[in-house]
Structure formats: structure tokens, C-alpha cells
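Notes for the one structure printed next.
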Amino acid sequence: MITRTLDRGGWIFISILIAAAIIVPILNIATSPSSPLHIPSYAVALLGKYLCYALLALSIDLIWGYAGILSLGHGAFFALGGYAMGMYLMRQIGTRGVYAHPTLPDFMVFLNYKQLPWFWYGFDMFWFAALMVLLVPGLLAFVFGWLAFRSRVTGVYLSIITQALTYALMLGFFRNDFGFGGNNGLTDFKDILGFNVQAQGTRAALFVLSCVALGGCFLLCRAIVTSKLGKVLIGVRDAESRMRFLGYRVESYKLFVFVLSAMMAGVAGALYVPQVGIINPGEFAPSNSIEAVIWVAVGGRGTLTGAALGAFIVNYAKTTFTSGFLAPYWLFMLGGLFVIVTLLMPRGIVGTFRHWVAQRKAKKDAAKAEPNGAQPQAAE
Amino acid sequence: MLEARSVNLHYGAAQALRGVSMVAEAGKITCILGRNGVGKTSLLRALTGHQPISGGSIVFDGQEIERLRPYERARRGIAYVPQGRDVFPLLTVEENLHTGYAPLKRAQRYVPEEVFDLFPVLADMMRRRGGDLSGGQQQQLAIGRALVMRPKILLLDEPTEGIQPSIIKDIGRAITYLRDTAKMAIVLVEQYFDFAHELGDRFAVMDRGSVVFSCGRDDMDEGALRRALAI
Amino acid sequence: QETIKVGILHSLSGTMAISETTLKDVMLMLIEEQNKKGGLLGKKLEAVVVDPASNWPLFAEKARELISKEKVSAVFGCWTSVSRKSVLPVFKELNSILFYPVQYEGEESERNVFYTGAAPNQQAIPAVDYLAKEEKVQRWVLAGTDYVYPRTTNKILEAYLKSKGVKQEDIMINYTPFGHSDWQTIVADIKKFGSAGKKTAVVSTINGDANVPFYKELGNQGIKATDIPVVAFSVGEEELAGIDTKPLLGHLAAWNYFESIKTPANAEFIKKWKAFTKNEKRVSNDPMEAHVIGFAMWVKAVEKAGTTDPDKVIDALPGTEAPNLTGGMSKMLPNHHITKPVFIGEIKADGQFDVVWKTEGLVAGDAWSKELDGSKDLVADWVEKKCGNWNTKTNKCGS
Amino acid sequence: MTFFRFIAAGIFLLALSLSAPIARAQDFAAALADFTTDSFSDTEKAVTTIATSGNPRAADVIQALQDGRLFFTTEPKAVFIRTADGKFADAATGQAATPASPRPVRLNNRLRRSVDAALGGLTLLSPDANKRLEAAISVFRSRDAAALPTLDTAIAKETNTRVKRALTEARAAVILFKTDASETDKLDAVAVLRARGDQEAKALLSSLPADSPTNVKTAAQSAVAAIESNLALWATAQNAWYGISLGSVLLLAAIGLAITFGVMGVINMAHGEMVMLGAYTTFVVQEIIRTKNPALFDYSLLIALPLAFCVAGLVGIAIERGVIRWLYGRPLETLLATWGISLILQQAVRTQFGPTNKEVGNPSWMSGAFEVGGLTITYNRLWIVCFTLAVFVGLLAMLRFSRIGLEMRAVTQNRAMAASMGIRTGRIDALTFGLGSGIAGIAGVALSQIDNVSPNLGQSYIIDSFMVVVFGGVGNLWGTLVGAFTLGIANKFLEPFAGAVLGKIAILVLIILFIQKRPRGLFALKGRAVEA
Amino acid sequence: MEQQPRTTPALLYLDAITVAFDGFRALNKLSFTIAPGEMRAIIGPNGAGKTTMMDVVTGKTKPDEGDVVFDGSHDLSSMDETQIATLGIGRKFQKPTVFESHTVEDNLRLALKADRRPRATLFWRDSSEERDRLDAILTTIRMTPDRGRLAGALSHGQKQWLEIGMLLAQEPKLLLVDEPVAGMTDAETMQTAELLREINRERSVVVVEHDMAFVRELGVKVTCLHEGSVIAEGSIDQVSENQRVVEVYLGR
């Protein structure tokens, strides 16, 4: 199964993830801070965050790269997953909040809530929250996708209404009356499953978990795109109506990957929240979703590994550029990076690399085939 | 008038033309024949500049034009009717015709009467959008549009494809008319042998990216031609 | 040579750059000045600037980077409440010091944070008092951007007004989204609300960019300060620099500092600021002063403690005094808030404020508001009780 | 409460003093001294006294106070008026003087109101019609019974119908609250106010003194009811107008995008920044005018318009030639590149002009409002609506009827084929993108009149713009027009019920649902041509 | 309306179909039937409505009036493209449409008759039967050497062939073929005619073509459309004798 699923890039990717999942926690916990090999906790948190972003990018690549659904609102599913996890973490605070209310989170006391709103019930249980992490984004994606795909909303129209979706959610979550902490969102978490979220061990565990989630989702995506379903998706991307005339129910296929991708984004959000310590409506901002799409484009659309790589590179660039003397100019660098990547590497980093390899191979083949006068072979 | 000299053309690593040479003369119809995928369209794309060539040269009116951009070649008088018609789908028929004004002087900016004489259906459909026309109507529009440019040379890529028999005859008459009256050079890519055979002054048969057989009407050996085609 | 590092955590890009960039510049100036005076504890100070880009999780990440990677001794930063909330756990976990310079909704006191901006009782309540007393206002519009600061402030004000006998129907509360730009309907509503025959005023907690179109619409719909005055808590010199102030004459703002206040300290500061930024037009404002005070306090506390060790400095800070720019001596209180004077200023044509009223002496900042149910029993005291939310009913920390 | 008592006291004082002006004449000089203490309450006292002193210089002094031209010195205690040419004159005598370091007499809002009221009484007979109008309005507000005799004289003399109506209304307001007025007078007054029919009239009528005659009360009640239904009608009209004006802002912001995105298919994320560049051009123009030639200020927008078009247009052309042209046929990559460009432009502006808002003033013809019945129409919105429609019509005509418009459409539909027709595709592409950007630039000029001019300006419009274009139907200018106005009007009718935030959310949800019904927008292009 | 699912012996039954675009009637009360196992050639001037007729049958365009009944009882006008395709109607487009970023082989594989539901495709396995079918089809369309090439890189005529191959792979009951020999050489045209006749042994075929030699070669009943209605029907000789047909279509 796995052998069929993974190409060489995939193997490298999975190996790196496994190595990171083992080495990073060891270097973080088992080495002394003065040792040159030591990885400081903040770096672990940072890497963990990148992993979550990579997972988000992966989920976008699945629908955009393979099914041609450009969602400019995928941040919404990420944020919803994050909120589900955040609600669990809030409920875990218990009486340790400033107002020491047994059930109500601080912001509710603050806003004069007398009792817990109904949609907060159950979030004190981890399994429930974990379920919601998948279910809430999945359900929203299902309803939204069902409506949109059935009415054959495609292309930019779809992109723009996904944007409208996340924008509407952002405005909603910004409202204090909404019951999710308004602009401040959810923060000041204490425990997850009884472990202190700040503790080094917990952080390492969350990091490993993120590696596992990313690796698992990657395998899942690979399995999908290498199956016949993957070919159907590409068919849908390139000539949707032709697919219909072949008898494929296009909307079911789209709905399937869309919901799956939303769930993956939800998982990414859920892992993200305990690692960065806050979830707020800013995550719904359309610009966040657009940025996530850009990670995919930078890494290479339709390559999966590229999506993850793009998320890493762009965010790493962001982290480095926003500190020190570069700080006032970092937007120049980031903007420049995007322009240069599009101009010089239209297929994204991984895509360009693959193209280059394929082209070299084709040239070699062509050179070999030449004497026999075979039919000219196309690239790729 | 237009001459290709051992033109090479690549799509990425794949070579589609291998040292193709051909000549189109004013007042002559040059037919290019060949099976599917042998490079006929590629040759026309090389001549019009849509695909850069990787070797050889193209000479038009005594000047090398292989470096010129497509619009510059069009302005010098090379008109192109592509395979698949490529009418502007959202422009009306009338506007489609008017796009041919670009290389013209202001005084010449009108649609010549003969366009409507040749394709009366266009006159009936002036307000309809190009993309809404039926396949055959689009083909007629594409030829008509090329004529608006008053070209010196007309490159036609399978103009009979999808056209009803009576109009094929009309197109045939039109081509002859343009050759004889306007002294236009015409390059005709065709699969429909009888049509080409009837019109052509020169013939070139292509296979796998090269010209494998060529002859003129006078020294034509129909058997050899058919044989070259059948490989 | 070894330096003492000071972190500066203000957004230089994104929506908040409008306000926060100036604070970064002030900090750079203060640090440069301190270095000219010979540094601190015999070492030079070194500013470490990062850009959290108006992105709240990035604030936390950058705070972490400043403390663990750069090993800064203290951080001056944040503007919005959410950015502060986002970095709080980091400061607690890594035990460092944050100076927070902006007026905020209160209801918080953390061991690692020092609040040099105004608490609600240092800005909102005096402003309302002024309007009721001086302008005889009887009808109130509480207009704000929909987030925690305006919500809390309005809640406090509503409770306060009602305790003064204002009826519910004489209070209109309105919230708008961030960056709201089409104010036609709301301004018309305010106009309508204000034409009921009773003197009406608007208490505005409208934030940031939304102010410009709001004031423009007010001006265009012909609402003058003499008809319906607006008192704002988020509009300072910096914001006015971006508005054509002619139609705004007479509208009010409540702050703890105005650039127009004539004291030697202020004149000196303004001169230095203009020289430092090489820009004659740069204005100064309240949060800048808060950083000036906070920085001076930190320097004193470090000198007193003889070290930059956070625990020692945190203990040394309460009780530290530093002169504010308006002629008084501000003091760090055990609840980690400071004492400040409160001024009401009217907008003048040149984009400055004319101080029309001020409190007698300095007002001590309350971490917890008496007007709010959840907060009324809480006090913060990091000196005696070592607790930020001491419950006076149960006499316990936290519950 | 105290406020009323205070007013009553004031009225009483005024009444008393007007009846015996001469007796108070000598107070004038004494009152002037009160200005020198720099205390609001003393100033207030001085204003009241001076207003009632009957001194011929009273109006001058109070006018000077209102205009901020009244100065004082403490050593010696003296008060001066600064004249228009910057010279000083002694307030008491009117003779030229040269005071040493005079300080302005300060005002606060309460004082300003007293000054207005005082001036109202004093300027009811002013030769300047505008002043009379203002005076009438301030008497209407203060309901100052003392002004009644002057009002009557003024009404008798008045020829200007507008001023006359204002004066009559002011008189009605006074009479209604005057305890000793006759019932018929009061009923007349109710009728006058009923005819005025606005919010203020309603407020007056519903806050009638408790001791008014029953007849008057019932008349007032029915008047209030009539005004209310009238107002409800106007409120609808008002909402419609707000909707139109919001719609025109949306249209203006979106119309450039309708070209770069709708016609050319470039997902132009830098569109907002083009708007921003236009706004900054306006700022720079005004800045130069302010320093070089303030007299031109009213023309600043007219000067800025072509400049903004050029600036944004040239930047657009540069972007097209430098980046976009390599990306045709790959629309999604344009998203990535233009996003990068928008970051760069934002930061460039931030570095150049600083991160803070920049002041862009409204020229006088764009300031203020006028009323049509119960409708307040602000000039800036009105001009923006007109301007937007003009831009729209111009653009439409250009695309439809000009050669270049035809070539633009041909090129964007099939670039290769257009080249074969001899169309200079490169130039047309650059021009089209430049045109879209330039129009965004002039949108920036207009938006600078109602919004912030900051590096973030563009960001706040980009989402709305895309929404409008897509809602209306990509590639159809009429769709953009109708889309913008539909969204604007829907928004403004929802806002009163749902509030600004929920209203906006509702609109977004409606858009999402609407697209399900019409998956290609309001004015979808139909037929084979589209699928081809 | 009060339409009952009607049953007809015909495989495809078109009754009084009218389709109008902005008032222009592309189809005007068009009626004809195709019997099971029949092959029918349809000719007619450009713009007569032939492609539109196929659009109506395959669900791409909804008729304004009239009934389309398939296989006795299925009312096509109430179904969408997918349902119609699942019923067993395959179509080749006038402008060849293939999946450009798939290889020739994958194009055919996607078209192969199989369970089309997502679950089935997700867990799909390559089977030797399927491979044999593919090989057979590739041989038939003479594209075996091109099987690994991307369809996007094929020439116009090659795409035509590939699309015919996809149609074969689908194994439909009824094939609608729009101008299959456009752009083919004479020899290929004859081969295609041969191929269609072979297909016709098991399936019904509707061919639209302008190439009279090809139609003649097919040797089946011919229907001539004009302005959206049938103007002549019968053997090729009968039809080409028809005055109207000569006038509007064949020319003199």
C-alpha cells in the first residue's frame, strides 16, 4: 500500500518527519541548554507551529492542486478546529481563572454571562472536543460544499464565496455576543489532558503529535491522489463537464475531498492552538487564508510535499525577517519572494524541481530515441 | 513571397519540425498535406510566430522575419486562420470582423464587400456573439476576419473541417478568387485530399516533422502523392 | 562589551502599525538617551526590535523569541488587549517583565506586567463626570468598536451613569466592526437620538481607523461640538494628524497627557522627540508618555535592585516614582498600575488639544472596576498579598 | 435639571436687561475685565452681561470671541480684538492698540453655546442673510423669549423666504414655551412646527410644558403623530440614499477591478494598493497646495484626479510589463504575484510617508450637507455618486465604442489570435491594466474624502471589491454597477434592524446563497460563447 | 406538466423539441426516433441544430418544449448529464475534449465502464481484464505508442481519435458522435467508418458528419436537419436527390 502510494519525494518527506519527531524532542529535553546541540523550547514551539501550517497547506493542496477547488477561506476550517480545541482548553482552566468561576470562563464572567451557553456543553471532555475538531469544520464544509457544488459554483465564484464565508465568520466571532470571547478570543490555557500546556514535555509531545498528524494526513492524501479517485479529481479540475458526460457524479467527488480537507485543516488548527496559546477571530481573516494558498503556490501546487515545504519556507522567512534590523523592511522581502517565485518558478519550488528532473530525463530519452527516429516524445 | 528554410521547432524536449523547407508564392496555392500529428499546424505556428523556432529561418518579402513577434508579422500582411477557428467568443460577429482593422490605415477600415459575398451568413448574424455560432459558421467568420486585414498571404489550417459541402465549395471558390483576383499567396493545410487536389498549385506532404514529398501541379504524379500520404 | 537588552514588541506592519510604530521610535529614543547618560549598571542598553505584524499569535511567538533567544531584561510593547492577552502566558512561563503603555479595560493584574496606561477609572469616568457637570449632558450615546475594551468601558459607564440617575432610555449603545467606514446610518441615528430636546453627548470608544470616517461624517452631517459633543478615549494627537480638524472643533478627548500641556518637562521631551525623529511635524501622545514613565521606572527599579533579574526588579518596581511629563510624580502601585492625572481636552484647529479640565492631583489606577459585578470584590496587591485577584469577601487569592 | 434652571436664569437676566439697556451700559467695561481671568465661568458671566448691555460694540466683541479673535493681557488687564489684517484693537473703544504678548480668550462647548445664543439675539437683524439664518436657528434652539420682539421686527422686515421660514419657526418655538402666550398663538405655533415636520420639531412638540392648554396639547399630539409618519417615510428615503451612496463607493472601488479582474482575468490583489496610491497622490497634491498656494485648495481634487490616474496607471503599467505579462493564462499565479506586489507597495508607502494616517481635507464644495425635505444629503457623498456614475458611463462608452476598447476585449479573450490579427497585444495589455489601475487611482481620490489615507486603505476595500465584481458577474460592467448598488442598498436597509456587524454578516450570507441560485453572478454571461 | 412516463419501442425518441436562445430557435419542433441497434447519420447545414440536438439528448441543454425519451421509459429532459451518461449514452464532442493533464492511457481508464462512485474509485485496483480492454482499445485507435503521452500534447486529430477511444471504453448503449472524421485523412475516414459499423453491431449510433463520402460509406439511414427541423429522411441517395437538401446543404 505505502510503496504504491509514495514516490521518492514522499519517502524523503516521511523520513524527515519521522527523524524530526524523534530527534527534536530528544535534543530539546535530553541535552543541556548550554550544549551546542540543544534545541530551545521556543524553537520547538516554532517548529510545531510550522507543522500545523504545513498541514493546513497540505489540506489546501489536496483540493486546489488536485480537484481545482481554490478555497480562499480555508482558514475558517483551521480556526474552527482551533476554537473547538480552545474551548476544551478553556474548560480545563476550571477555577484557576481570575474570577475563579467553576464553569464559566473568565470572559463570560466579565461579560455577565449567568450560565454556560449551550454550545459550550461537552467541551470539558477531551473526546468530545476532539470529535468536534473534526465534526464542526467537516459539517460546515459539507453544508457549504453541498450547496455550492450542487449548484455548480466554480472558479472564482467559488473562491470568492469561500472568502465571504470566512469573512462572515470573522465578523461573527469578533462580536462579543457570540460567546467565543470576541476579539480577544480564547487564551491563557493551563492544562491539556491533565498536563501543563507550558511544560517542556507537553510541548515536545505536541510537537511529535503534529509530526504524526502531518505524516498521517500526507499518507492519506497520497493514497487518495494516487488512486483512481485522484485521477478523477484531476479530470474534474481540467474538464469538469467532460467528467459529467462520462457519468461521474462530480459534486460527490468534490464534496468528499472538500470535507476531508476541511477536517484536516480542523486538525491543524486544533494542534496549533495549544502550541501558540491563543485562538482569536483574526485567524478567520481572509488574508490568512490567502496567505495559506500562497504557501501552496510557493511550494508547488499539486505536489503535496511542495505545499508543506512552502508553508515551512514562507513562515520561516517570516520569522527571520520580522526580527532585528530587517523588521521594518520584511514586507519587501516577503513580497519580493512571492513575485520572484512566480516569475522564476511558475510551478513552485517542488514543481519546478520535478519539471527540471523530468525534462532532463526526456532529453536523455530523446537523445537515445533519436537514431531510431521514434515519434517525438513530449515532456513530462 | 514566404519561404521557410530548414525550420526546426521544439515543444519542450520534443521536436515537432525537423528541417522543414517550403515556399509560398503570390498568386499560388500551396497545399500542405499529411496525417494527424505530423506537424502541419506546427509549421503554420512557426510561420505566424506563435511558436518560436529553434533553427532555420523564415523569409517574407525578402526579409528574415523569424525574430518578429506575431503581431508584427500580421502587420506585414500574414493572415492566419487557425485550426479550431479561434474566433473571439464574446465579441459579436461584427466586432470580430473589426478586429481585423488593427494593421489598416483609417481610410481602409471597412469590411470589404466580398467577405459578405463569400459568406452571406455572416451578414445575417452580425449581432450574434462569435462563440454562439455553430462550428461551421465560426469557420466562415474566421476566414472572413482574416480577409478584413487585406493580407498578402493567407495561411489556412484545415478550413473545411466541419463545413457543409455547399460552403466547402464556396470556400474553394473564395480561395481561387483570392488567388486569381487579389494575387494573394495562400498556404492551405488540408486533410481533405480532393479539395486540396482541386485547388493546389504546389503540394508538400509531411511526415514526422519533415517534408517527405513535394511537387507542383504541372509535374504532379497523383499516384506518388497519394502514396506519400498513405504511409 | 556586555549589554543589557531591552525588547520592543510593537507592530511595524499591518493594521496596528499606524499606532505602534511611534512607540517603537520613542523606545529607541529613550534607550539612546539612557546610553548617553552612561547606560545602566555600567552597561550599555541595547534595543531589540521585532515586528509582530499586527498578528496576535505572532506576538506570543515574538515575545518568546525576545525572552528566550535574545534574553532581554524587559519588554516594552503591545497595544491591543488581545496582543497583551496573547503574550501573557509567555511572560508568566518565562518570568519576564512587560510594560504595557496603552489605556485598557482593566480587570487584570499580572505579576509580570506593569500597566502604565490608564485604567477605566483614570479616563472614562472622569470624562463622563466632566460632561455631566460642565456640559450638563443628560443623554448619552456610548459608541464603540465591538471588542473587549469598548464593551467593558461601556458596561462600566452604563453602570456608573445609572447610579447617577440616568434612565435606560437616555442611553444608546452602539457597536461597529473594526475599520467600519460607512457611518451614515449611525451618525444619523445619533443625530436623531440627540434631537429629543435633552443635551446629548457621545462617548466614543471607537478604535483606530474607524475614527477618521466617523468624524468626517459627523462634520459633514453638520453635527457640531456645541450640538452633540463627542468625547473619545482613543483619539489623540497622532490620530488627529490624519484628519482635517476644522469640523471637529470643540469635540473632546480624555487622556492623561496632551502634547499641548505647557510644562518644562514636556517642552523638553517634545524638543528631543522632534530632533530624534528629524521631523518637525511629529506629534507626541499619551501612550508615548506612558512609555517614558514606564521606562524611567524600570531604570530606577533596576538601579535599586542592582540587577536586571526579573524577580528582583518586579519586587523593586512598586513604589517607584517617576516624573510624568505634565508636571506630576507618577508612582507604581502595588497593583502594578500607576497614578496619573486626567485631562479633558478640546480639539483645536491645529490638531492639538486645549485642556479644559483636569483632575485635582493624580488618580490611582484601579485594576478591578467597582462597577462590574465580577470585579467588585477583587483587589490586586503584589506587595503584601502577592496576588493579582485577591477576593476581599473570601479573603483568599483567586476564589 | 440644573441645566434648565440655568437657562431659565439666563433668559430671565436677558429679558430684564433688554428692557433696560441703558441702565446696564456702564457694566460693559466692567464685564470686559472678566475675560482676563482665564476662567470659563467668568467668561460666561462676561458674555451674558455684554450681550445684554446694549453697547454697540457688544456684537463685535462676541463675534470676535466666537471666531477666536478675542485676546487679553493680564498686565494691564485689557481685552483686544484682532482684526482680519492681524492688527489689534482695544475691545472697549475700538481703537488700534499694540498689546504685549496677548493670550486668546478660551472657549469650551458650553460657552460656545452661550455665545451662539447671545449672538443669535444680536444678529437677528444682521444685514447678512446667512447670519440671520444662523441666528434664527440658534434662537429656535435656545427658545429665548427675550428675543421675541426682535424676532417680530425681523419677520416683518424679512424678504428672504428661507430665512423668513426659519424666523417664523423660531418664533413658534419661543411662543410654545412661553407661559403667557395666548392659546391661539400656541395653536398657530403648533401648526408651524407641524409643517416643519422634522425630528427637532417633534422633540419640541412632545416636550411641551405640562401647564399648556389641553387644546394645544391635543394639537401637539396629532402633530407629533403626523410628523412621525412623515419621518418614517423620509427615513426610508434616507436609507435608500445611504444605500445609493454606499453603493457608489463600492462601485468606485470595484470598477477598476472590473477591468483588471473582470476583463483581463488577473486576480489583482494589488488593486487596493492602486486605490491607496490615488489617495496618497491627493494628499501630496494638497500638501503642495497648502505650502505653495492655499488659494487653490478648492481645486485640489480636480488637480489630483488626472495625477492620480497617471500615477496609479503608470504603476499599473509597470506591474503589467514587469510581472503580469509573464503570467497570462495562469490566472492563479497572478494571485500570488499581485499579493506580493501589494505587500511591497504597502510597505513602500509606509516607509515613504510613515505608518500614520495622512490628512486630506475636503474642499469647501465637498463639505457640509443640504436638506431635501427630511433628507440630509452630504455634499461629499453626492459628488461621489455623481463622479462614480460619470466614471462608469465613460468607461462603458470607451469599452463599447472605441477601437482600443474593442482591441482590449479581443486581446483578453484570445491573446494569440489577437496578435495574429495584428493587434499589438503587449501594448494593449499594458494599457488595459494601466486603465484599470488608473481608475482605481481616481477612486482613491474620491475615497480620500470619506476614509483614512493610510497604508492600509487598500486592504479595506479589496474584499468588498471582489465581492461586488463577482456578485455582479465577472466580465460585465453593468453587473458590477447593479451589484454594487444592490449590495449598498441591501446593507443600508439591514443596518437599522441588525446593526452594522450583523447587517454585514447577513449580506455576506446572502451573497453566498445568491451565488447558489446564479452560479455566475447577477448578470451572468450565458450561452456557448462562455464555455468555449 | 401532466407528462406520464411514456414507453416507446424506440431507443431514443425525440418529440417536438424546441430550443430557443434569446428568441432564436436553434431547434424547432424537432422529432425523430432511433430504433435499438440502429445507426443513423445526421447531416444538415452549419447551424442547423445538430450539435444542439446532441446537447439536448445528453442533458447539457434543457429543451424549452418537447419530450426526449430514452430506452422506452427514461425522460431525459428531467435528468442531469451524469444520470444520462449512467443510463448509457456516450458522446463525442465536435471540438475534441480530453483530459489534458492525464496520459492517453489514463484518459481511457477514466472512461472505462466501471463503478463511478467515489468509494469504488478510491479503492480501485488495476485488473488484468481492464488492462486487456485498454490494450484492445489502444490498438483500435492506433495509439499504443502514445499511451504514456499527455493528452494535452496531442495534435488535433490525435485528440479526435482519443475521444473516440474513450467513447468505446464507456460501452454505452447509444453513441452520439459529432463530426468524428473532421481533420482525418481519407484513409482514416474509411477506417473510422469501419470502426463505427463494428460498434454498431452491439450498440446504437448517431453520427453527425459533413463528409458525404463518409456518410455514404456508412450506408445507413440519413436524416437531414435544417433550421432546427427535419427536412428529409431516407437513404443517402434519396436524401441527396432531395431538392431542398441540395439547395440548402449540398450545393450545386
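Chains: A, B, C, D and E, in written order; residue numbering restarts at 1 for each.
Just so it is clear, a residue touches a chain if its C-beta (ideal position, glycine included) is under 8 Å from a C-beta of that chain, and two chains touch if they have at least 3 such contacts.
This structure is a prediction, so every number in the text was calculated from the model and none was measured.
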Could you name the chain whose CA centroid falls nearest to the centroid of all protein CA atoms?
A
Select, from A-B and B-E, the pair of chains that is joined by more C-beta pairs in contact.
B-E
Separation of chain C from chain D, taking each centre as the mean of its C-alpha atoms, in whole Å:
30
Measuring from the mean C-alpha position of chain A to the mean C-alpha position of chain E, what distance in angstrom results?
44
Hey, how far is the Cα centre of chain C from the one of chain E, in Å?
74
Provide the list of chain D residues touching at least two other chains, using ranges where the numbers run on.
346-347, 459, 501, 504, 527, 531
Residues of chain E that touch two or more other chains: which are they?
21, 153
Two or more partner chains touched - positions in chain B:
11, 14, 132
If you look only at chain E, which of its residues touch chain A in the complex?
58, 60, 80-82, 85-86, 90-91, 93, 97-102, 106, 109-111, 116-118, 121-124, 145-146, 149-150, 153, 166, 170
Tell me, which parts of chain D touch chain B in their complex?
403, 406-407, 409-410, 413-414, 416-426, 475, 525, 527-532
Residue positions on chain D within touch of chain C in the complex are 2-3, 6, 40, 106-110, 112-113, 116, 199-200, 203-204, 206-207, 238-239, 242, 245-246, 249, 346-347, 350, 354-362, 367-369, 376, 378-381, 449-456, 459-460, 491-492, 495-496, 499-501, 504
Show me the residue ranges of chain A that touch chain C in the complex, using the header's touch definition.
40-42, 45-46, 49, 95-96, 98-100, 107, 109-112, 171, 174-176, 182-185, 187-189, 198, 276-278, 280, 282-283, 318-319, 322-325, 327-328, 330-331
Tell me, which parts of chain D touch chain A in their complex?
267, 269, 323, 326-327, 330, 332-337, 339-344, 346-348, 351, 459, 463, 466-467, 470, 474, 501-502, 504-505, 508-509, 511-513, 515-517, 519-521, 531
